[in-house]
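The same chain A turns up in both complexes below, where it pairs with chain B and then with chain C.
Right, the complex of A and B next:
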């Protein structure tokens, strides 16, 4: 079994393990953030570039360092490989760059976004980004569309991680969901609006790391942190019926898959992902429909967890930026930070 | 001057098989079929031929990497998607002497053991597609393609596939996706095409000119080919020269020709138009770093710069560039580097496939900032911001398009920073302040 050293900690992992998964086995702060990789979806990963790491030694056999940072989610470990993640300041700077790219055209409409509180982009921004933007142009926008009766697509929030495309490809036979156009005007589309009609299509909502795909039966009902997640199950002909229900009082506001600490769907004892069907997700909204197992453990770090962020550094940045903006005309509302708001 | 590909390019009617044959065409085919495939690969290795599509990877080595699992077909794909700004050599070759490419395809396919091969051609070049189709039909009729070619027992079918006209489909794995009928997104490597390419089968992708060069290699042997050129830059190279020169066009040069001679000799570019001074050159297609006159004519060490992979690259990106695809863009003293850079950046923004964040978002951002320079809205910090953005794209993407978008920006700032500053300090003095508004049919604010 190959041995790999990540941020000075060595671990032995099965042949073919990716650097990202090796880091996850190790746990701790050296696990690179992953926005597009999703272990239950084949061929996912490689797109967003947030998981990049520096390989300073290729392997025991070929110790040369890799010339460029690599996507840890798509690079297999070699025996003797040495990887730097949080121990490399350059790498962290490069990752901050990726975060900035993901954010320059993002609407930052968290206050009205259903995903806020469990959004991977929020976490990524806080943990790996900079406090302020350098982008001063109008942000890209798209019209909101309903893709089928259950799902709303806010393309403006999408980071093109392709996860939902993989769900369509791998869980929904006869898929009608993909990417059209290219570059920064590429968009997720069903081509014919409202065309998604498949028992498992709702899982797209759960894999979406941001608020681009939201549950139309839950939209604007509640902020997620005001709801209580419970693991529950029911007898279902289509799926395993093991889900997470989000309660407000005794009302089931929404149903999602059970997620693990990486924000990915949990697996059953045989390793099969516990996807749920649209029946369980959208049509089983009475608490009496479910047998409640108990409160869910939300082990993943999240915005919900308080005092997580280093406010001292955040403030420093703000002071610096304020100074830079002093005496300058600032376009209010679109683009750079309004110094009155920070 | 040695010409290996274009010796007969100006013969009237060379497009037809009959005339091509009368001028020594298809000799290489007969010879190749009498050789062992691995001996052809060996000759190509000996020739030192390097990929002419841009990266300059040794072709013989690429061929020997192709996986050969038993019972699995292999494919050769010719990359004729030529869309790099400044590069127009492949089109010229296919248009003028299509049988050279077809002969090269047959010899190379035989060497690789491929029985179905493809030419992936850029969608906009529809008329070249028809020329190739006609030439392929002639080759079928002559028994050079199809079953049992010239009674050798070797079968080969050759298809031309028309792309939709996307630059990114020139990247070999995007090309393969597109050929399979999918969206032209580059694949994440590994696996490399040599292991899993078209339909998941071992595949070699080569540029038009690379494949054409196999013909003289088979005819005269790898050693003879290696004698042409200089050092590890063997053979000849097609250079498409454009910009402010007296004689734009496609030239076949022996690698090692001094750049100065190429620009000023009447055999080639014939000097700068209207007697102006040379300001800068982009030597290998829009993706490679731009060099100011003093660095393109001589290296930083004062040696004369030669048209070869090594000499152009001397000095690294600090003071050198790359031979790239051979798109030689010459700019005279009146050219605005900033405007030229904006134009290139606009191109990469438009052509990014959008898979990876740095390229998808960064190219558009850089274009917008460059707009600001042209409009007189930029400030000095924007120069550093641009440099920082390109640095954050470079090397962090799936395919090299991201790098290709970053390098021109880096080099323009490195060598022409004062010009950017001029746009900031003296916007009304810049002739093209209203340029952006003009092309968008708007009034300046």
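Right, the complex of A and C next:
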């Protein structure tokens, strides 16, 4: 098994693993961000260049460094490879440049965009981007289109990651949409405004890293951080029926797939991605249709968990506080910090 | 032991004749009262006369309109999530064709409510606002008899087109400088 060193941490990974996946196995701040790579979609990745890393040593046999930053989602690890991500200031500079390119045509209409709050481009811009734009020209704009009764295509926001095309290719037989034209005028299109009505086409909304494809049944209903995500399931003939429902009070405003820590669809115990069908996503919007398992795990740093305090994080906080107080002479008294009270 | 050196030992002695008359003491008191009649008053006659307010006084909110009289608020929810008292609620709606003169962008707040009893007037909402829509002004929130009337809706918050409210004292020098530079603006 090849050994790879990423940001001075060494990990042994199976043959053929990409640098990105090796970093994900390791976790932590060294994981490169990814806008187009999606582990559950074959042949995705290699378009956006946000996951670039610097390879300072190619392998044990050939220790020469790679001449340019490489896309970590498409480069497999070699034995003895040394990779720099956040430890290389040059690379961070290069990534900031990539982010600047992605944002050149992005309208920055986050206040009206339904994706705001769970948008990967927002996170990317916040973590790796620059605060100001240097772009002086007119931004590329398109008209909004309804593709089918459930999905709104806002091409202006698109970063051409091709994830939705892969969904159409791999989940929906007889696909009717793709990318037409080239370069600056390239756009996601159904070519002839043909309605997308395949059973699994709704998953396009979830894989879209920006707000280019949004749920028409949720359009402007609420900001995501005012809704409470719950993991729930129901009996469904076409899909596994395991989904995440977004509640406001007892009203189900939206249904999405369950997402993991990388913002990708969760997998079941056998490793199959838990895609959901359009029936579950768009037509079962009553709380009584679902069996709620419990609140979804959302990162505490996400705006979605703002003002929500679930028991798990509270317990974690208490445990941390206790650890801090360990060995110190403090009167714990009545509060939750006293282990005798729990 | 004395804690301070100001303590006075009370001596209970027989009053003199002058002291028994009480007249000098009464006149002394009268003198103090009459002197105050000619002094500057500590109070103001409130509704007719108003105290000068601090330039950065934070009172009754206003939802600003833009230069063309359209609502600036797009119901993005940042004020509500920034609000430490959770006083702000809103419902958003999509602008219909023909309403372009009312709302600046395709989404607007159909309901926008601030609970003035919850509000702590910290100004975080105006700091969070990306559209320069909400500002705190130097107006006071009126007193009332019922709690329900303190939930202010758009009728009380939105600026009237014929009565613009000046909020330039609330905008820092940096903000005004930023606004001059069209290059940085993401919206028109």
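The criterion applied here is as follows: the second predicted complex is superposed on the first by the 297 of 342 C-alpha atoms of A that agree within 3 Å, B and C clash if a C-alpha of one lies under 4 Å from a C-alpha of the other, contacts with A are read in each partner's own complex, and residues count from 1 in each chain.
Following the convention adopted for this analysis, a residue touches a chain if its C-beta (ideal position, glycine included) is under 8 Å from a C-beta of that chain, and two chains touch if they have at least 3 such contacts.
Please read these numbers as outputs of a predicted model, since none were measured by experiment.
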Exercise. Look at where chain B and chain C land on chain A after superposing the complexes, then choose clash or fit.
Key: fit
Self-check item: Which superposed partner A:296 touches (first chain B, second chain C, both, neither)
Solution: neither
Quiz item: Looking at chain A, does chain C or chain B touch more of its residues?
Solution: B
Quiz item: In the superposed arrangement, which partner chain does A:59 touch: chain B (first), chain C (second), both, or neither?
Solution: neither
Quiz item: So, A:87: does it touch chain B (first), chain C (second), both, or neither?
Solution: neither
Quiz item: Looking at the overlay, what does A:110 touch: chain B (first), chain C (second), both, or neither?
Solution: second
Practice problem: Return first, second, both or neither, reflecting whether A:226 touches chain B, chain C, both chains, or no partner chain. | Solution: second
Quiz prompt | Touched partner set for A:266, first chain B, second chain C, both or neither | solution = neither
Quiz item: After the two structures are laid over each other on chain A, how near do the C-alpha atoms of chain B and chain C get, in Å?
Solution: 14
Self-check item: Interface residues of chain A shared between complexes with chain B and chain C
Solution: none
Quiz prompt | Residues of chain A defined as touching chain B within the complex | solution = 45-50, 52, 67-69, 71, 74, 94, 97-98, 100-102, 104-105, 134-135, 137, 159-160, 162, 178-179, 181-186
Quiz prompt | In the complex with chain A, residue positions of chain C that touch it | solution = 74-78, 80-81, 86, 92-94, 105-107, 130-131, 183-184, 186-187
Quiz prompt | Residue ranges of chain A touching chain C (in the complex, touch as defined) | solution = 107-112, 116, 132-133, 136, 219-223, 225-226, 303, 306-307
Self-check item: Residues of chain B that touch chain A when the two form their complex
Solution: 166, 168, 183, 188, 349-358, 360-365, 368, 385, 388-389, 391-392, 395-398
